[in-house]
Amino acid sequence: MIKVGIIGSTGYAGGELVRILLNHKDAEIVWYGSRSYIDRKYADVYRNFFTLVDDVCMGENMAELAEQVDVIFTATPQGLCASLVNEEILKKVKIIDLSADFRIKDVAIYEKWYGLEHVSPEFIDEAVYGLCEVNREDIKGARIVANPGCYTTCSILTAYPLAKEGIIDMNTLIIDAKSGTSGAGRGAKLPNLYCEVNENMKAYGVASHRHTPEIEEQLGYAAGEEVRVSFTPHLVPMNRGILVTEYASLKKEVTEEEVRAIYEKYYGDEKFIRLLGAGEIPETKWVEGSNYVDIGFKIDPRTKRIIMMGALDNLVKGAAGQAVQNMNLVFGLPEAEGLELVPMFP
Amino acid sequence: MIKVGIIGSTGYAGGELVRILLNHKDAEIVWYGSRSYIDRKYADVYRNFFTLVDDVCMGENMAELAEQVDVIFTATPQGLCASLVNEEILKKVKIIDLSADFRIKDVAIYEKWYGLEHVSPEFIDEAVYGLCEVNREDIKGARIVANPGCYTTCSILTAYPLAKEGIIDMNTLIIDAKSGTSGAGRGAKLPNLYCEVNENMKAYGVASHRHTPEIEEQLGYAAGEEVRVSFTPHLVPMNRGILVTEYASLKKEVTEEEVRAIYEKYYGDEKFIRLLGAGEIPETKWVEGSNYVDIGFKIDPRTKRIIMMGALDNLVKGAAGQAVQNMNLVFGLPEAEGLELVPMFP
Amino acid sequence: MIKVGIIGSTGYAGGELVRILLNHKDAEIVWYGSRSYIDRKYADVYRNFFTLVDDVCMGENMAELAEQVDVIFTATPQGLCASLVNEEILKKVKIIDLSADFRIKDVAIYEKWYGLEHVSPEFIDEAVYGLCEVNREDIKGARIVANPGCYTTCSILTAYPLAKEGIIDMNTLIIDAKSGTSGAGRGAKLPNLYCEVNENMKAYGVASHRHTPEIEEQLGYAAGEEVRVSFTPHLVPMNRGILVTEYASLKKEVTEEEVRAIYEKYYGDEKFIRLLGAGEIPETKWVEGSNYVDIGFKIDPRTKRIIMMGALDNLVKGAAGQAVQNMNLVFGLPEAEGLELVPMFP
Amino acid sequence: MIKVGIIGSTGYAGGELVRILLNHKDAEIVWYGSRSYIDRKYADVYRNFFTLVDDVCMGENMAELAEQVDVIFTATPQGLCASLVNEEILKKVKIIDLSADFRIKDVAIYEKWYGLEHVSPEFIDEAVYGLCEVNREDIKGARIVANPGCYTTCSILTAYPLAKEGIIDMNTLIIDAKSGTSGAGRGAKLPNLYCEVNENMKAYGVASHRHTPEIEEQLGYAAGEEVRVSFTPHLVPMNRGILVTEYASLKKEVTEEEVRAIYEKYYGDEKFIRLLGAGEIPETKWVEGSNYVDIGFKIDPRTKRIIMMGALDNLVKGAAGQAVQNMNLVFGLPEAEGLELVPMFP
């Protein structure tokens, strides 16, 4: 039985980790870390866990935690994981970081987009970018897994095979992303109030959102060239779900079957990536509560572009689900253990 | 492995049965019945099951079905189950009926409230009202289980211990119930359109809703007297969830501890009924996607009334979850098998 | 042209006052008061007013304000209006208070339910309870109008004629109320976050909500006896709208026509109260954005109760709209001036 | 007083026409046409108009209607207006067509995208495309106004000045549009049910939506060249609102001030187009219920693209509001008469 500690267990991603791990056969949460709710019963913070979790929230002492657990999930603001980690700790425990601290290999880019000094850049190199379907083998031996962002997971997986096979012009890639509101976190801020979000839509972080360099770096590896994308996230009045609509010019004429074959080549055996049939379009509701990413596409001969679409649950495949998938890989468990979550509809 | 057939598998309750049974260790769905979608892939009707269910929809031939399965769930309009069932079939298969056909013992009352002739009244007596926490022992030997309605489950369980112990005046019981919209079913009707329901609230079926006699009959058994309640359902803009607020005059002065002791007496060992702590109030979100009923109460000394509140997910404990719980009881399986569903938040 | 000042203009009720007054022929807002946003452009706080309002927010100096305006609306937390008002000010300016400070005649009851000391009780007597349809004549001469609460307006108007005519047993009156979330205000608090409210329902303030004594006092005047009601508010995932479902035992057998005649007697000529036809049920959406209250009822011969239902927009008839209606009465303008707001659907 | 007839008055756009015209000083609706609800009271179809509209619904006899009214609004399915109009009628009455029948000048393109034969192509030439801010002068003399589509109005107005001034490469224009659900109409179809739309997002009509050629034709006139755009509409769980996010490569380096100057040149004096300040982003909520279009933009030097964003209420500026604006122009009334609708928030 793997002993799990969570730092930041009272955010939405932390709560989702708990939901998933409660049904995980080989893992047990022994440390519910939360700076804001120390000594309060966890089930008082998230009443859905009433009668299911008896623990009280504890602090964020990573050194102490490392003595007690096998793996630490950090679902915390940017910079915190980097400030806590060190070689002593890494000798004792695996770290799966849901923040951005170890996602971007170029520390200068991290510091520029996040406006933070990175205080433990020495671990960036060894950290593995935890996009399971792309970096599966590397994750297996990792001490630090940088769990990808929600927008990023959806954006990259949707375009990855076409980038890898070089059939789209990467300079034309435009990613228009829409997200439910849980991605904004549980902070008590005016823009997140019900009456501000409900019956409303808006773009935000236009041409400046922090997930941009992460997408560019990973798709750059796939394409074998430097990539610059336009990435625009939007806030939509719903709890969960990310939908990306990606536009790119085709380098040459291709048929739908050819494109499908490329997707099949990379994802045909992937349990958590569902390639939709011809003409089918992903909807976020069909993956809600699950670890699936649904992907579809449409070739537009009029504009010689392809429109790629992907949908996932930002708290599952976009955060906690992928984190557990990474844990399973790191510890040599069946990759889908604890993740046989059937999407809930309606 | 129990072989399962579902008649009416493409309604919302049918879809929820599938979601739950896919993770049930001892049951396997072998017949996806649907009058409207015969020969269509089930996963095309509910895309959440894409890659999880390969079956196509079949008809509603109960005789044929009885040859192939161990249990039939009927998630169908009123009157259909009654019209299909007969002694031959009952010798071969168990029936768990999610419609109202066998819930009400007095056939005249059924026919009056439902405006239907009951075509197989001979089975009403043997049918067991499948409110698991109340009729557990009787369910174990049943051939027909009448799975309670969603409003009814919530309304009855919330008041049952106090009715049983006689501390409330049953003639004063008023049940104000609020439901999400999935309870209205998947029929393409104007009042169920998004723009009609969203940002809107209304009562319906005032003083005439069909769940009324079911509540009255069951609470009458508990109280040992004839019961007449005011029951008013309301439609609320959300997918899932029922909340009941019940008002009754106290027969004598009681303390909160005394009331709590009564609830504990009946529900203290029940896994799926969660008695909230002092001053805590149920919220539908805390049980979403799960088989739990959360119950709280408040004594109002000013009016000498008690306000009892209960919340459940209408598609789970209010329909498919309770149906599976009944199946587990009927077949001697662990009662919670397949129902360890952690509520999803947010 | 009446010069208007608003203290608390940046709350939701304040914003609604602005929306309404911008189309009022005889009134002009000259002071946008807001403690939190002093010196910020009002249209930056509420972007809907971009190009429509150029003013910047100002403080809450009521003495200075009284020099500049003819009427002050206070849309502020409890206690503030009482702390600012004095005889000097009342000689210069009319006050329409949207808080509870002057609603309850018995200062002890106010202090008990609100947990506040009332610092200007000397003005309570002269303040007129601004329920226009009930107290129209008194409002016309008032210096201070206590604008009723949103729940209160709906609760009282729905039962008033039957209480007045004595056909219901006031000791049995139960008011189950449901509200959209704008009633909770624009404070950045966790329970008001989108993901906490959306897809969720709950009761709150059970047997203790502050609007209770206001309802009891006013219905007590109508009934000519002391009244104790059970009042339970609920939070529903929508922006605007209050729906009340009220239950009372009938003192004697009455027909629907008799009840209708009573409602007609009191409301037949009221522009803003719409008595629905036989069997029709109010829905909040049909009054959204308008100053209407829609009222319907159903007699239940089985339980000898009547179920009364009322719906209004909590920010209009429940706050800003009624406040403007009061202003019109106070200044001798046509009562509906600025309030010809057609409900918006969908 | 202008006499108005509405054909298709019981759809959502028809209902919005009624809402707006009820407060229009110089117009009066005398014919509520509705194929589905003939002889039913209009206020029974849309209860928001209870006590405001006493009329019953009438049929769609355009010849008879032409005798009685000065202007006919057709808010009907594609093809109907074209099938009803003729020279006799046009001699007697003005027609403002909210369908697509007269929007596209090239009848072959209309027939291809709409899959319909156009039965009165002889009137296409004289019909004026009713985008008021662009074609104001031509509208004034028109007998037939082709009222633009909701997506189209938003898409065109957001890019128009930059297309006209030639600073963006029109071959790179990508329009990612998101809409509330009222745009799908009031038809009782499964995909429009509350539980299918709520908590869900999806693209639809990918690379094939019928508004595409309308956008291309109008932006082609502006740019003076043939234009091919990628246009992808999305369905979002909200009642009203369209948001477009448009991406285009800049032909040369420009500053924000230069772009702003271009927008000011075309829209500086337009009442209903609000150019947001530097860095401000449109949100649909800020225009809800009003005739405004809010427009913002951001230059992205990294990708040498500009991201343009526009928001409007699909039922107002995207349908009924613009139709009334067209009526005002046609009849020489003040352009904003009846349209001083203050956006409603929240």
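Before moving on, here are some points about what is shown:
Order as written gives the chain letters A, B, C and D; numbering starts at 1 within each chain.
Here is the rule we go by: a contact is a pair of C-beta atoms (placed from the backbone, for glycine too) under 8 Å apart; a residue touches a chain by one contact, two chains touch by 3 or more.
Predicted model only: the values in this text are computed from it and were never measured.
Across A-B and A-D, it is A-D that has more C-beta pairs touching. Using the average of C-alpha coordinates as each chain's centre, B ends up farthest from chain D. Distance between chain A and chain D, defined via averaged C-alpha coordinates, is recorded as 38 Å.
Taking each chain's centre as the average of its CA atoms, chain A and chain B sit 37 Å apart. Within chain B, residues 12, 182, 195-196, 198-199, 237-240, 283, 285, 288, 346 each touch two or more of the remaining chains.
Residues 12, 15, 19, 22-23, 46-52, 182, 199, 239-240, 274, 276, 280, 283, 285-290, 294, 340, 342-346 of chain B are the ones touching chain A in the complex. Residues 12, 181-182, 186, 188-190, 192-199, 237-239 of chain B touch chain D in their complex. Residue ranges on chain B touching chain C, taken from their complex, read 172, 174, 176, 178, 180, 195-196, 198-204, 206-207, 228-230, 232, 234, 236-241, 243, 245, 247, 281-285, 288, 298-300, 302-303, 305, 307, 309, 311, 346.
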